[in-house]
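Structure, as structure tokens:
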Amino acid sequence: MCQIRLDNVQKRFGDNPILSDIQLTVEAGEFCVFIGPSGCGKSTLLRLIAGLEDTSAGNIHIDGVRVNDLAPAKRDVAMVFQSYALYPHMTVYDNMAFGLRHLKLGQAEIDRRVRAAAESLHLAALLERKPGALSGGQRQRVAIGRAIVRQPKVFLFDEPLSNLDASLRVKTRVEIARLHRSLGRASMIYVTHDQTEAMTLADKIVLLKPLAGQDGVPSIAQVGHPLELYHHPRNRFVASFIGSPSMNFIDATLQHAGADGLACSAGGITLPAAADARTLPAGSSVTLGIRPEHIAVGQGPLKGRVIHLEHLGEHSYAYLETPLGATPLIAKLSEQQAAIGDTLPFALPAPHLHVFDAEGDALPRLSRHDVTPAALATH
Amino acid sequence: MCQIRLDNVQKRFGDNPILSDIQLTVEAGEFCVFIGPSGCGKSTLLRLIAGLEDTSAGNIHIDGVRVNDLAPAKRDVAMVFQSYALYPHMTVYDNMAFGLRHLKLGQAEIDRRVRAAAESLHLAALLERKPGALSGGQRQRVAIGRAIVRQPKVFLFDEPLSNLDASLRVKTRVEIARLHRSLGRASMIYVTHDQTEAMTLADKIVLLKPLAGQDGVPSIAQVGHPLELYHHPRNRFVASFIGSPSMNFIDATLQHAGADGLACSAGGITLPAAADARTLPAGSSVTLGIRPEHIAVGQGPLKGRVIHLEHLGEHSYAYLETPLGATPLIAKLSEQQAAIGDTLPFALPAPHLHVFDAEGDALPRLSRHDVTPAALATH
Amino acid sequence: ATLRLECGAPGPGQNVCMDSAKEWAKKTGNEVQFVATPNDSNEQLALLQQLLGSGSDKIDVLQIDVVWPGILANQLLDLKPYSKGAEKQHFASIVANNTVAGKLVAMPWYIDTGMMYYRKDLLDKYHLKAPTTWDEMTAVAKKIQGAERAAGNDKLWGYVWQGRAYEGLTCNALEWVSSFNGGTVVDAKGKVTISNPNAAKALDTAAKWVGTISPKAVLNFAEEEARGVFQSGNAVFMRNWPYAWSVMNQDGSAVKGKVGVMMLPKGGNAGRHAATLGGWQLAVSRYSKNPKLAADLLLYLTSAEAQKYRAITGSFNPTIPALYKDPDIIKASPFMAELYPTFASAVPRPSTVTTSKYNQVSNQFWNAAHDVLSGNAKSADALAQLDGTLKRLAPAGFVAAK
Amino acid sequence: MTSQTLTSAAPVRPSSAESSLQRSRQRTAWLLVAPALVVLLAIAGWPLLRTIWFSLTNAQLGDLTQLQFVGLDNYIGENGVLRDAAWWSAVANTLRFSVISVTLETLLGLGVALLLNTPSRVRTLLRAAVLVPWAIPTIVSAKMWSWMLNDQYGVINVLLQSLGLIDHPLAFIADPDLTFFTIILVDVWKTTPFMALLMLAALQMVPSDCYEAARVDGVPRLRVFSHITLPLILPAVLVAMVFRALDALRVFDLIYVMTSNSRLTKSMSVYVREQLVDFQQVGFGSASATVLFLVIVLFTAGYMAFTRRRMQGV
Amino acid sequence: MKKHPVETLLYYVAVALVMVISLFPFFYTISSSLKRGNELFSTSLWPAHPSFSNYASLFRDQPFGAYLLNSVLVSGGAVLLSLGVSVLAAYALGRVSFRGRGVLMMTILGVSMFPQVAILSGLFELVRALGLYDRLGALVLTDLIFTLPFTIWVLVTFMRELPKELEEAALMDGVGVFTLIFRIFLPLLLPALAATSLLAFIGAWNEFLFALTFTISPEQRTVPVAISMISGGSSFELPWGTIMAASVIVTVPLILLVLLCQRQIVSGLTAGAVKG
């Protein structure tokens, strides 16, 4: 049982509000991922939970106990630091074993745990090295190893995989997922900027947004299951942040809103969308959003000229100049070849269009993109 | 003009060979990306070029001049360190301006450059902070800013975006591409473990492989255009490293090889593949490779049971248990819903199959996946 | 019982002292332990004061400098009740020096006075007589220095002495002033007498030496520096204490056998030969647990028997006039007989009368002298100023008794 | 002493509402300082108080039990320290000595530290050699130098003459024009190793990747030194300077041995010792010791205020 | 990276210069200690007939070996004690912000501002009150008066330079404050520690005034006191040769100590700790 509950937590550095009004519960055994733009306070939030920073206001409960005044060591959490924070004078082995030594575990048990962690992190050959003689990725793995040997109630990971190569990243990611499953009731809080990681690992994503010096706005933009944030972003910030490349946005004017959808016009072209805009008067400014992968290229009433192409092997992204607006639309092309300068037909399928009002809040979508129980069951 | 040529370069730390037999030319104005598993020597290679480490053997030429004995400063390179290497006692502004001050640029010019870089890296509000009061991503951006204000002949980037969030990452990536284009003839060497970055930015990818203590093996596994490495991996190592999730491999036995392809059997099932295996005798062990996105799920003669699902919003990956081998195949599912436990029909299309011999070397592919001139033209 | 005896720092000097003490111990069946003190007399005094000031019984018998009786009188035992008149054998001037406010606080042990060493061989070479006045000495020194330098011996100086700002300069300057009949800075009644023309003349005479017959460095010379120059054969005259005699006549000395000794010159024909009185006394700590025994040891160590032994083995000058006629002693150190008059008439520094202020007086005096010597002040001004300072120290004049 | 420039190092987390977490951290801090405080109070508290008390009396070394309270007479009375010209000349001598010697030592120490920090084969040897002057007891080295600098049989004069640098021997420690600088020279010779060693330690702790970044940027070495090395080792340099200055302001042995009690070079400590020991004036001596203490406090406080402002100004 | 030959040359010239200046007086000390009699007053750099008689007389007259041992005990004791105490204090003062920290630092510094001679008599009473008079313990204790402020201040400075992430990592590992100080910080502070303790050791080694005042019996004598007590035939005669021999003997252990500490003095240890 290690539920973590943050109650109206605030944090300021000097006069600068960094986090405000954090209301969050991480259930026992849950895998929670923090994402958000660089500098929005993810590491700070993690450090608050770890007890490395004091909250400026609000309470943190772990297991129902208020831990605001509890030393980090007493909270039974392990943390992987974004900056590694390895002990430079100790070997890799000692770095990992150090935190165990005072737990009275017995030499054999310590050795077993360290070697097991080293094995799964491909560090076995490096155990006798000191951090100074390791590569960036290797250091990061040592930092991860140091956390997992501890087997605590709560894991805090601050961008643990950011320096790893893709294949090791996938392996370590799977390893962490496996660890999470095997430890059963240990909660994990995980900061990442990698959407794939966030999507694949998270039971719950917490998207933070920067306060930019204002006070009073809650820091959390949206909390929910990954697919929920993907399919039902609560506002434009969430929509643009989740997904890579980012969602395309088109400024439009509401023409007509009904129970079965709306119509709006952008660049003189009328576009239908499956959203409920009945709360807005006709003529309101709205923003349409569509993800690159949802633009149906190859057929359709609209035309766009390819001005830039990005090849990613399996697929590519085309930057399309369209009459809909000044910013080019990014569309995903699978397999199909295109060249710069080509003009391609495309459509913006109404069910895939997101609609945001002038404040940036999303209008309710009419098409179903629910997180199915089956999808959830995998976690 | 700033061609970089490495001639048979070697590097060892003590007795440990880290890099061997590096034969590489980066043309003037080229964007070259180093990738490879963690610890394979990417940073070391970059540091060799920068002049921060001495080569153990071989020569490095920049602009036709042998620079082995030239101080880093004389090489006109700028570098972004994996560890940032910010000056802890200077503000962000000074960190960026410091390298310019001795160039006799004039205060106004320095200020202009620093502010321009800060603007494009979203650092403008942080100019007066010191590194200790920055988040991980902010520090990384400062490190990038410090390099770009210098406008040197050669840029060396060591994982410059690893701590940035997806949207900033894309923006900065585009910024770097723009910078590269605008600087015209400046060469860039860029270490990353992000395949998307590698694919989108690189004119040339250099894939390094770890020596694992052996000597004599060249460190470079393959050099070429991104799509070439994607479509025509020279061996199993390259095939498995490029692409994420990694290519699926299936052990098989060659049954028959002809000019128009081959047939082989795996798990008792006969599979045709479009590769030229006429050099191998029938009965040889081969390995088949297929990328998750090329497995045609939904139709076909084969059946697989879904044992794990990863949801990524737009698509998901299914882990399929098949009769072809013990390791599950990873297949990409677009849109379509599946649940754990479902049995799905699928096919392994012959033109997409890669075939490797017992040594892991790729057999010539018969299907065309060339890097088209049009595709190349975008860079 | 066990007595603790402090008789100097470890070295040849202490060994001689230990011999006698062990002799006593054997005779009386007691034990004597030796306490060492630093070689530097300032540090020695500081240490003793610290120890005695705390009432420590770690020392029973101690050696004290000739200028200390006034300073330490309060911590020392009156020896009168124990001496049974033994002090009468010693030079009266020293006994007077050691008597503070009617108490005999120390017994004379050995005596030191300033004396003039000269190079017999050089004087002979130039057929010159040993000078008797400072002016004569200056002339002789100049002549030999000039001639020798012309002959290529360009390191030779006429006269070396102790010009450093320290107690030694007080001794030197007191000799000059006294030899010109300029008094002893503070007279026996406690009156400050230093500001007088004779004293000024004396200092002027000395100031002229610096840079002419004496190297400039003499302003930072103590005994050993002077001896170093003289013993290397680089000086014609040297003012020093008796200890230099035996050292300079050891094997390996460049001037062995070439050195003559005479009284310090007079200040002009009307002047007198004046030599500052130095030397050491033995005293008993007031905090001694065995005062009687300690006094007995002290009396033995200062007895004629012990002094004779010391004179012969260590050329320590006895404080008992009778011993200067002892043939054994004269055989060992012929100069002792020659210089007897010097010892007998040595000028004591004004320490008895100034008591605990002696160091201040001396300090002011040597600083004034040093200023004159280094050319920073005119002698008359310096002395007038000194006079004022000393009078401020003791507005009512110095009074010996407490 | 100085508000830290190194942010990465600053432990200070300003927080408006002190949590009990922070309070317990502070409690721990006090517990950890306690042993040091207890020891210092024990060994320094009583003696210091006593000295200050004596400074208000007319105590004499001969008998410390007989004393009268005289108030501030020893300080500002007619014959008080503050009215004694000799005292003020000692103050001037000492300040001059301290400023010049500490400055020289810092500069030379930095140079030597940089030499020591350069990897080379002779480094080990050099490091041992450099420490020798500091290792020889002051009394001995002062005497040694007096000996060597003597104009009659001093080896330095002979060497300088044979090198043709001077044409006649100089009386380094007797000539009033030279003594002061001779003393400074010897002090510099003796204590430069102290500075060098501390600065070397500071240099060792500068992160090497900063240097690498500067090397790649082609920043000239002098600039690297002045803008990276120096600011990063500055805190250590300042502390070293404080301790050197404290020592220099109390300089005793060196001057005492080399020039005895000459007024020209008398330092405050020599003055104090003279009063306290040679002149027996415990009361007056204590007063001058206390004034010496105050002078040092003033000097250090001024110095720290100055460096703090400078460091914040950077 | 190969260095420019001119640079190398300059380096070696500088090294040679520093070596000569530092070592010449010591060399001359050695040379003097081998001279006898009148040779002492000659300016020859090396005696024509080196003799060890000064050393012989040194060890004959006094148990110099025992004095050396005393000095080692006193200095070693004082340094160990001050390091032990000051490392703790330095952590608190350097890494925890609490009210009164500045005042505390200044107080600690203030203690070392009084001239030693002025507090001598107070200390003397203290030593006697503690029953330590004429014991080496008295010297260990009183030497703390100058070693302790020094070590505290220097260590505070260096303590502050360590990255705060390290402390936090240790905090997360749940180690106690002592483990943190002694197992994490101490090894990282080795260069500073070595330098500080060496300097403090030498300070205590050369301490004279306390050693002279607080001990009296020969069994408790330290080397500087012993040197000051070397005398010649009379109180005026300075036994220069013997003193030089003694100085050589005092200095040699310190040089050995420096050589021993070599490795600790130079070790860039923080590499790889954190990024940024």
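Residue numbering begins at 1 within each chain, and the chains themselves are lettered A, B, C, D and E in the order written.
What we mean here is this: a contact is a pair of C-beta atoms (placed from the backbone, for glycine too) under 8 Å apart; a residue touches a chain by one contact, two chains touch by 3 or more.
Since the model is a prediction, treat every value here as computed from it, not as a measurement.
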For chain C, the least number of touch steps when starting out from chain B: 2
Pair joined by more contacting C-beta pairs (A-D or B-D): B-D
Chain centre separation in whole Å, for chain C relative to chain A (CA means): 94
Separation of mean Cα positions, chain E and chain D [Å, integer]: 15
Centre distance in Å when chain C and chain E are each reduced to the mean of their C-alpha atoms: 39
Distance from the mean Cα position of chain E to that of chain B, given in whole angstrom: 56
Contacts with 2+ other chains: residues of chain B: 51, 71, 82-83, 86, 131, 133-134, 136
Overlap residues in chain D, where contacts from two or more other chains coincide: 6, 8-10, 13-14, 64, 153, 207, 232, 277
Shared interface positions of chain C, touching two or more other chains: 53, 228-229, 232
Chain B-touching residues of chain A, taken from the complex the two chains share: 13, 35-39, 41-44, 82-83, 133-138, 140-141, 158-159, 162-170, 193-196, 199-200, 226-227, 230-231, 240-246, 291, 293, 308-316, 337-340, 372, 374-375, 377-378
Interface residues, chain D side, partner chain A - complex: 13-17, 19-22, 24
In the complex, chain A residues that touch chain D: 14, 51, 53-57, 68-71
Residues of chain B defined as touching chain D within the complex: 50-52, 71-74, 76-79, 81, 83, 85-90, 98-99, 101-102, 130-133, 146, 150, 156
Touching residues on chain C, where the partner in the complex is chain E: 8-14, 35-41, 43, 47, 50-51, 53-54, 58, 223-224, 228-229, 231-232, 240-241, 243-244, 246-247, 250-254, 280, 314, 316
